[in-house]
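You will see chain A twice below: alongside chain B first, and alongside chain C after that.
Right, the complex of A and B next:
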């Protein structure tokens, strides 16, 4: 096994399981759509809440996406093969996360203009929303996989992952929505974006190693 | 393949849950040998292979591979070993060729075809693995044994689900491997027909 062959296999698997990605996207769209219907369809309210609505829906969708990320690998013995491959386990985990992140993020960004229009998000804030997604979602995936690896051998691990991981998602939600609100108010938002980048970088450094420890424990 | 390798295990103590699987277990093997680990169900044969390859850690003991102490860091051993366990690490949603290429990316199409023909999988080369039988799935995993240059093979029940022809083929492949300097440690309850091996008993 090489890192390249591993990554190719991961992309092939994502393509063959594209229904999983579509399901997560549909969930995201439905969750966002419910707000104008269930809370208020007033353009003023929606414009001010759009960032928060989109981010909360995205966090739930990402939790859905990462929760079962290693389940199939655990069942078919791939996790054991990763451990004994002689390759760096954190690097393999990172490659898997990158593949999953791209598979989720690209279609998500594709539907973002439609959802922003629906929620009357000001055009000036739209690109800030996109930037918060680009800078914030890596940390959500990287933190999420730690929970996914810890609960991989449990049959009903979804709720446990949510309880374990959701508190760590809160800073990302807070700084993302603050950046969008600051952009709407024509205030500087680079500080919030810098914090989102810092959180993603910190997760990038820590998460693959913590996930590797959890996977080794699960594989044994 | 290396000219000569050796594996020495001494004073191994494996615990699973609250149960001691083996205590103070020792054996050594070297190139040209097939070592069959014998023991009752639950005696710890699979766990022993997992300990050797580094999936699980022993409570005590020392593992030396080709003169190097790999007890704390199995990487030197892993670089030179293939481990095929009960769950074989084959992806249901990849084709036979894609699965093999994940583990053996440098294999040429001609070599792949030849090996798959031997294993009676050539007709299924582009079939998703989920459409194959259990025996065929195991053959997909075992195809790696024909395609890699690793010296140490750790095989957990490699003959399970295989038909008579495939068992004979695998025994022949193992024999060829050890005669060219390889070392094989396997567990099986199967009577080996043509393969001469050294038995090591794992007593509970």
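Right, the complex of A and C next:
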């Protein structure tokens, strides 16, 4: 196993299990639809709440995607193979996160124009929304993966990961929605974007190593 | 500096014997002090010129809120100690401390709500400090739930250590991020650098309450740790000897 073969096999796995990505996307769309139906469908309300709605739905969808990330690897013994492969475990984890991030984020961004149109998001803040997604979601994936690794040996870990990880997602949601609100009010939003990237960088430093500890403990 | 005491902490036996005599006195001092402080604060301290008597809830609220935060800090440090030095006592400490911290955060939230009703006119606002204490409570619950869910002791130890460290790193970010939302709560009552802005008859009992709350909690944690050590080490000969000789 080399880093390249690992990455290629990860992409192949994602491609052959397209259903997982589609499920998460569908969940995301349904969760977004709940808000206009459940709260209010007036364009004024939706326009001001669109950023928050999309972000809340996306956070839940991403957590769904991340939660089961190592489940299959744990069951078929791949996790142990990673540990004994002689390659750096944090690097492998990082590669896997990158593959998953791309696999889920690109389709998510793909349906974003549709959803923002449905929620009457002002055109001026659409690109801000996209930018908050690009800068903020790495942090979501990297933090979520710690929870996934900690609960990998449990049969029913999904709820537990939600409980563990959702509080950590709070800052990302706050800064993203603040950036979108600032853009709607014609205020500068570069500060919030910088904070989002700072958080992603910080999780990039911490998460692979913490996840590696958790995986080593779970695999043995 | 001599670090042998630190390495000795790794031995549950050493810790058990050393801490055995400490739990009860700490708890008793804390209890008595807290009762004295509370009576002093609730009965003898002057009423606030603006808030009247409702301000007196700070004698409960502030010590508990301080503890809720310090407990989480301690958890994070213990998690770090476990990940670096693999000290056996650290996960025991986390397991003993987490429920206490959760209760402290909950009491802080409830007492704050009770105080908020007459003062702000509402039980709850989405204010920075309230939200961050609420999140703190969620973080505690996460640790407790994770600890309960994992049956494998070795894995559970690692897992709670990892999540405590991650929580400690993230807590300042969470606190800072909610500060960006609107804030209604006043600044901290005690800071290390400034004299408190209220008269001494008011803050002295508060100080007594806060310090004694720490004592009370230290005693409780030691007790919980000792019973956890006995549970985990029940196979070893020193535990059998301990139980046979002295009883429990």
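What we mean here is this: the second predicted complex is superposed on the first by the 220 of 220 C-alpha atoms of A that agree within 3 Å, B and C clash if a C-alpha of one lies under 4 Å from a C-alpha of the other, contacts with A are read in each partner's own complex, and residues count from 1 in each chain.
FYI, a contact is a pair of C-beta atoms (placed from the backbone, for glycine too) under 8 Å apart; a residue touches a chain by one contact, two chains touch by 3 or more.
Treat the numbers as computed from the prediction; the structure is a model and nothing was measured.
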### Query
Which partner does A:166 contact after superposing on A: first (chain B), second (chain C), both, neither?
second
### Query
Thinking of the overlay built on chain A, is A:5 touched by chain B (first), by chain C (second), by both, or by neither?
first
### Query
Is A:187 contacted by the first partner chain B, the second partner chain C, both or neither?
neither
### Task
May I ask you to decide whether A:151 touches chain B, chain C, both, or neither, giving the answer as first, second, both or neither?
second
#### Entry: First (chain B), second (chain C), both or neither touched by A:85
first
#### Entry: Common ground on chain A, meaning residues reached by chain C in one complex and by chain B in the other
none
### Query
Of all residues in chain C, which touch chain A in the complex?
83, 135, 138-139, 141-142, 145-146, 149-150, 152, 154-155, 158-159, 162-163, 165-167, 169-170, 173-174, 176-178, 180-181
#### Entry: chain C-facing residues of chain A, complex
143, 146-147, 150-151, 153-154, 157, 160, 163-164, 166-168, 170-171, 174-175, 178, 199, 202, 206, 210, 213-214, 217-218
### Task
Over in the complex, which chain B residues touch chain A? Could you list them?
50, 53-57, 74-75, 78-79, 81, 83, 85-94, 98, 101-103, 105, 128
### Summary
Seen from chain A, its contact residues with chain B in the complex are 1-2, 4-6, 8-9, 12-13, 16-17, 72, 75-78, 80-81, 83-86, 216, 219-220
